[in-house]
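Got some structures for you, see below.
Below are two complexes that have chain A in common, paired first with chain B and then with chain C.
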Partner chain A sequence: MSLFPNALVLLGKELRTEFRSRELLTTTVVFILIVMFMFSITFQPTSDESRQIGPGLLWLAFLFAASLMLQHCFLREQHNDTLSALRLSVSDPFAILLAKLAANTLFLLLTELFLLPIFALMYNVSVVRVVHWLALAFFLGSLGISIVGTALSAISAQARMRELLLPVLMLPLLTPILIVSTEVTKALFDRAPYVRWQGIGFLAVFDVVFLTALWLFGEYLLEE
Partner chain B sequence: MTPPAFSPVALRFENIDKRYGGLLALRGVSLTVAPGECAVFAGRNGSGKTTLLRIAARLVRPSRGSLSFSNSSCDDEKSPVRPGFVAHATMVYDELTAEENLLLFARLQTVSRPERRVEALLEEVGLSDRRASLVGTFSRGMRQRVAIARALLHEPAVLLLDEPATGLDPPGVAWLAEAIRRLRDSGRTILMSLHGESEISSLGTRAIRLDAGSVVADTRTGATFRSVLTFADA
Partner chain C sequence: MMKNILAAAAVFLLLGVAVYASFFIAPTDVKQGLIYRILFLHVPSAWTGLTAFFISFLANLLYVWRRQPRWDWLGVSAAEVGLAFTTVVLVTGPIWAHPVWGIWWTWSPRLTSTFVLWLLYVAYVVLRTLIEEPDRRALLSALFGIFAFIDVPLVFGSIRWWRDQHPQPVVMGEPGAGLDPIMYKVLLFSWLAMLALMTLLIRQRYRLEAMRGDLETMQQELEVA
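So, the complex of A and B:
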């Protein structure tokens, strides 16, 4: 069973290359900041309005940022045909997808972690009391985005209109995640915050189902 | 080169077809490459050389036919044969150093004592003093040395070289020819695709010409050997 050791080695590579260049994280953070700032000056919401529209805006921004981030996920491997080298080296190709998935989830969570306090300040929303529940919602939502996004990134990297193809395929598939994550976050931003367990359950099931599908069919996504 | 830690391996392609959409890249290719043989594939662009080598590397699945290594079928996931593959793309990361690249692939291939193996290989390809430099800062020749070191990490019995001299200057080609000579003499089975006759093609013990996805000439003898290679370049 070399799946997890291989995935860990590859995750280390993903983190090393990203933290060395910081290209992806910097671009994504700047992009989300611009989106949040533009929404803020366009609508100038009150505190109550922020509680209503803020979660949707936040998750839309995360989704757009993820589509930006995921574009590079497999394109990087095409530059020197390193994907072939990885396929030749690992005994289970799912290790490649697992490492990419873990790295994408981690990068997305880091971006969210950085932006949450800025959002709270900009939109005058208190998040301190519910930060642990937010962390759970962000984790499950981000994992779902990364699972679907990583699979579609592997597909679109081999296509001609790859820059357009990824968001076109990804956004409709992730609509359930967007809706449910928004509802869960909205409940947590309420003046009397509460946990929408149905939503949390849906996110967990979505993640398990799509992760299983990726495990079963992922090998075919990497084939030429 | 270090003493070989492998048994010689033969490759057998049986009636291989490869179709990409409407394009038939390989048509009924059947041939056997004997253990320790150095087969040179020649042919025009699009003749199927790269596809055949990628099938041998198990990077591409044939649409029809089968590939086997000695007595083990390539379809057998437990098959111990894992060829080393060098292409004209370097297949290493520009953002990592030479040492980091080799350590990464050594660990993925579960090479025992990876640090030692990487150190030995860096020494062999003459990059010990540049081990900590990013591959992105290397010349084409140096990148190709890293690529060869990567392909040799697990001491493969079969080596696949897809136009390995592309973009190399004359000293680079001379170094590559010497490296391939040593690998051939160590008993490895080598399959390489080349464009025409060169210092490297003269290392071959067999010349195979492909045209439109089919084998049209196959020889081991001196006089026809040269014509097979040069005709392909015409």
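So, the complex of A and C:
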């Protein structure tokens, strides 16, 4: 069972590559900030309205940011022609996907961690009391985005118009995540916050279903 | 050639009978009047579209497993035909909704799910146009087709769950609820006719795709030679 040790080594490689430059994280954070700012000057929501539409805006911004950010994970290998080397170095190609999706989840969570306090300040929503539940919802949602996004970025990297293609493939597939994460977050932003277990459960089911699909079909995604 | 013409004639005969039955055999609805008859086009199209997407999903799985081009051809043919039927659903829905609900479109669970389903398969077709190399196109689009079909129950589930929080504008009961027995029979017959049409369309589209496939192989052989 060399899958997890292999995946861990590859995850280390993904993280080292990113933290050398941090360009992906910086650009994504700036992108989400701009989206949040533009939204607020377009609609000028009051505090109550922010509670209503804020969660949707937040998840939309995360989804758009992810659809741009995830382009990189296979393109980088393509530019440097390192995908075949990676495939040769592991016995199970699923390790490559697992490492990439773990790294992507981590990157998404880091941007979310950075942006949540800014969002709470700008939109006048208190998050301190529910921060652990938010962490759970953000983790499950971001994991779902990363699983699907990693698989689809392996597809789009092999096509023309790839920058435009990834969002076209990814956004409709992630509708369930968008809807449910938004509703769960909305309940947590409420004046009397509560946990929507059904939604949390749904996110977990989504993640398990697509992780299984990726495990079953992932090796074909990386065929040369 | 003769076989094709006969098959097409049989399908159109079935469709003709279905049209006749939906206009003259099924009784007029007490509340909605004549407009409800669009149900006999709308509902069977929806069922047929889903059937076609299911066929495409099976073909996608078989392609990934067996790697024979014919499964790729069947996959794309069924997906495109399913897309056509789903488009009919999305067009006939508003035509019915405007006089009955007073609005063309509402983001109710069923409409939203159908729209997302349509978008997923549009993405599938778009993806196929953007990959040149036939084997790679077949494999990658088959994988996307599999992911898309797995997503369908999750889309329906999430949207249904989401509705609990958002009451919709006043909507009349679903037209299928407590359907008159004759209407029900006509509905099932219309579905049968639509399935026949679907089979005919997939078959024709498959032959076209097979010819394209052969042409691509020949072109490649010429380039190598």
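Keep this in mind: the second predicted complex is superposed on the first by the 224 of 224 C-alpha atoms of A that agree within 3 Å, B and C clash if a C-alpha of one lies under 4 Å from a C-alpha of the other, contacts with A are read in each partner's own complex, and residues count from 1 in each chain.
Rule of thumb we're sticking to: contacts are C-beta pairs under 8 Å (C-beta built on N, C-alpha and C of every residue); 3 or more make two chains touch, one makes a residue touch a chain.
Please read these numbers as outputs of a predicted model, since none were measured by experiment.
Among chain B and chain C, the chain that touches a larger number of residues in chain A is C.
Looking at the shared chain after the overlay, A:Ser21 reaches chain B, while chain C stays out of its contact range. When the two structures are aligned on the shared chain, A:Ile179 is found in touch with chain C, with no touch to chain B. When the two complexes are overlaid on their common chain A, residue A:Gly199 makes contact with chain C while staying clear of chain B.
Of the two partner chains, chain B is the only one touched by A:Leu86; chain C is not.
Of the two partner chains placed around the shared chain by superposition, chain B and chain C are both touched by A:Glu223.
The residues of chain A shared by its contacts with chain B and with chain C are 223. Per the touch definition, chain A reaches chain C in the complex via residues 148, 151-152, 155, 158-161, 165, 168-169, 172-173, 175-176, 179-180, 183, 198-199, 202, 205-206, 209-210, 213, 217, 220-221, 223.
Chain A meets chain B in the complex at residues 2, 5-6, 9-10, 13, 16-17, 20-21, 79-82, 84-90, 223-224.
Within the complex, the chain B residues that touch chain A are 54, 57-61, 82-83, 85, 87, 89-96, 100, 104-105, 107-110, 150.
The residues of chain C lying in touch with chain A in their complex are 64, 116, 119-120, 123, 126-127, 130-132, 136, 139-140, 143-144, 146-148, 150-151, 154-155, 157-159, 161-162, 165.
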